[in-house]
């Protein structure tokens, strides 16, 4: 279980996270919804160790993750599919996957995992020698997910996987999210697409202006209200 | 005609040393996307330490090579820690100016180690030159050419076939994503810097062993020749570095023969200037990348 | 004032011109490693004018500035299309070309039975204007600082004018400046020309101060030093590069006990400053703070 407690992160004097606490239960899909600028990406980058939080703790099981380098955090079993995918554009699809397995030494197992990724994402097999920068947005998203899975994470973090993708591709991505979860991966997902996210999530949080403002299961709040708050913020939704 | 061919041969041989210098240079640029002006002076520190043990303790050639490479690597790491690691990647100019500041430090440090203007450097091979019909081929020149080709092939292999090379290319492609897949970016960058300095150290050793002497001008000379060859060949390209070096060497050899040393240097800079204005990406470089700016409050 | 102090201050003043020249280009966001080329052109042109053609000093200095400025415009047109690093290296290549051309440049006239004028690598000796016209070191010092004050005044006026705003906008963000309707290319070439002329005045003063110039002093070291002066002194005000010169030449070069270690100290100071203050001691924040405080004091007095 991934547990975030009272996390504070800031850029200069501006606090982006003002004491965030939440948890992602093992074996489940947890989803974080909120408008632009709520601090969702800051939270993801803090968990991955790219940003250093001011205060608070991030624990995976019994291990404290704050203060560890990004590489050590990957070693602990966390993999982030970043916002905007960030594939390695000048490297082939295959090389991107191998980079995802950078910390692993088991060559045969890595090769088998590459095959598994190709089975799960057949488009990647077709394009394995192609440079990642030349793939379509949807294909790059598949590659980013596959690359993250290559490290065999205990928890998969996904930051806005639907961003900028066509509706059909978004549906495909969420189908894969459910599938991965059914196969046993714990998933913590940040989204703006509340409709899709609520269909797959077991539990969800709402975040506004650096604070968690709601926690519950998808049935607990009418979807309209969730969408209003996720896009527009609570005040206007309430008023 | 005979002169023309002999000049071209000599140019290729000298060009091999320029190519080797450019190889380390371009490697640092490729990974950092920033220019390290201290590259030559770092090599000079290695060369001076090598000379020191040769002059003081009459060390053998192997010890001199090891000392030269080791010194260059240590000086290179010093530069990386001081001028590159503490600054944001966007602060390319701050790093470049800072590396120049360290250039002055290293040069003065070298002069403090060995204050005379000229010191002897142990030769590489003293045998008579090979005769090929009317043409002469110096053995040490051939060794340098072989080293240039072997080392560039080796570097190419490491970058495109090894796990370390995969990490470096990932860092070049997207540093944040490199962190996210678990690459230790800081250490990898430092190792790349050290490796590039080692290549520079080997280049420096070969050049000095052929000249058989070392002077305080060597640092600037190495930076300048490496820079010109690298830019002509295409910034960040490994085969481009060697090719750029060979082109520079051949052009220099012919202009030296016809017009003397001052015009030779003039032609070298003219070549660089024309290349930048007409084709900034060089012979083999990729599209002009590396937009650099002054480090705007990005400490 | 003793002669030594006058000498040091004269040097500081003369070098300040080339530091200001590099600073002006930094304002538009361009790094030049080659302002020493225009310093050299100014020195040769002004020296030739007074020593060979018998022009008065003022005309010689103006001629030096004009030739240097024109050369800077000519080089600026093809090179300013390049960006960042590429521009920096192009200026470096150009400056080295100028230095090597100076080593080849011979133009001698026999004056008073002595051949006078640039003589290749031996340089250009006997630029004796200030001796022949009985200008003492102190008088020349006053001249240097009067011209420097005029240049600084020019900078201050420029900073308040539309021109200064255009320069700083280009330095902040070229694309944005273009979208705001600023003719970026023209302003850049204008800045390069002005910077060249500034360096040219410095060169002319230098030639007459030392009475001889050698091509080898116009090497890369001079160029990168002038760049470093602005970066350590600060990019917020034209006083920044002057502070840089003062720290290096006024302080480090003058303390003789440091002789063997000057470069080690100066290099270390520059590297350290670039880490903790990437835009120099007097950066925009400091300048803004000082201005605000100044206005507040002024307003306090007014009440």
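We just call them A, B and C in the order they show up, numbering each chain from 1.
Please note the rule applied: a contact is a pair of C-beta atoms (placed from the backbone, for glycine too) under 8 Å apart; a residue touches a chain by one contact, two chains touch by 3 or more.
All figures in this text were calculated on a predicted structure; none of them were measured in a lab.
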Distance-maximising chain from chain B - centres being C-alpha averages: A
Per-chain Cα centre nearest the global Cα centre, belonging to chain: B
Interface with the most contact pairs, given as the two chains involved: B-C
Averaged-CA centre spacing for the pair chain C and chain B, given as whole angstrom: 31
Distance between the centres, which are taken as Cα means, of chain B and chain A, whole angstrom: 43
Geometric centre distance via CA averages, chain C-chain A, whole Å: 54
Residues of chain C engaged with two or more neighbouring chains: none
Complex interface listing, chain B residues touching chain C: 35, 37, 82-83, 86-87, 91-94, 96-98, 100-105, 107-109, 112, 220, 224, 227-228, 231, 262-263, 265-266, 269-270, 272-273, 276-277, 280, 288, 290-299
Touch list for chain C against partner chain B, complex: 26, 29, 31, 78-79, 82-86, 88-90, 93-94, 96-97, 100-101, 103-104, 121, 171, 220-221, 224, 227-228, 231, 235, 260-264, 266-271, 274-276, 278-279
Residue ranges of chain B touching chain A (in the complex, touch as defined): 163, 166-167, 169-170, 172-174, 176-185
Partner chain B, residues of chain A touching it in the complex: 48-50, 69-71, 74-75, 79-80, 82, 86-91, 95, 98-100, 102-103, 147-148, 150-151
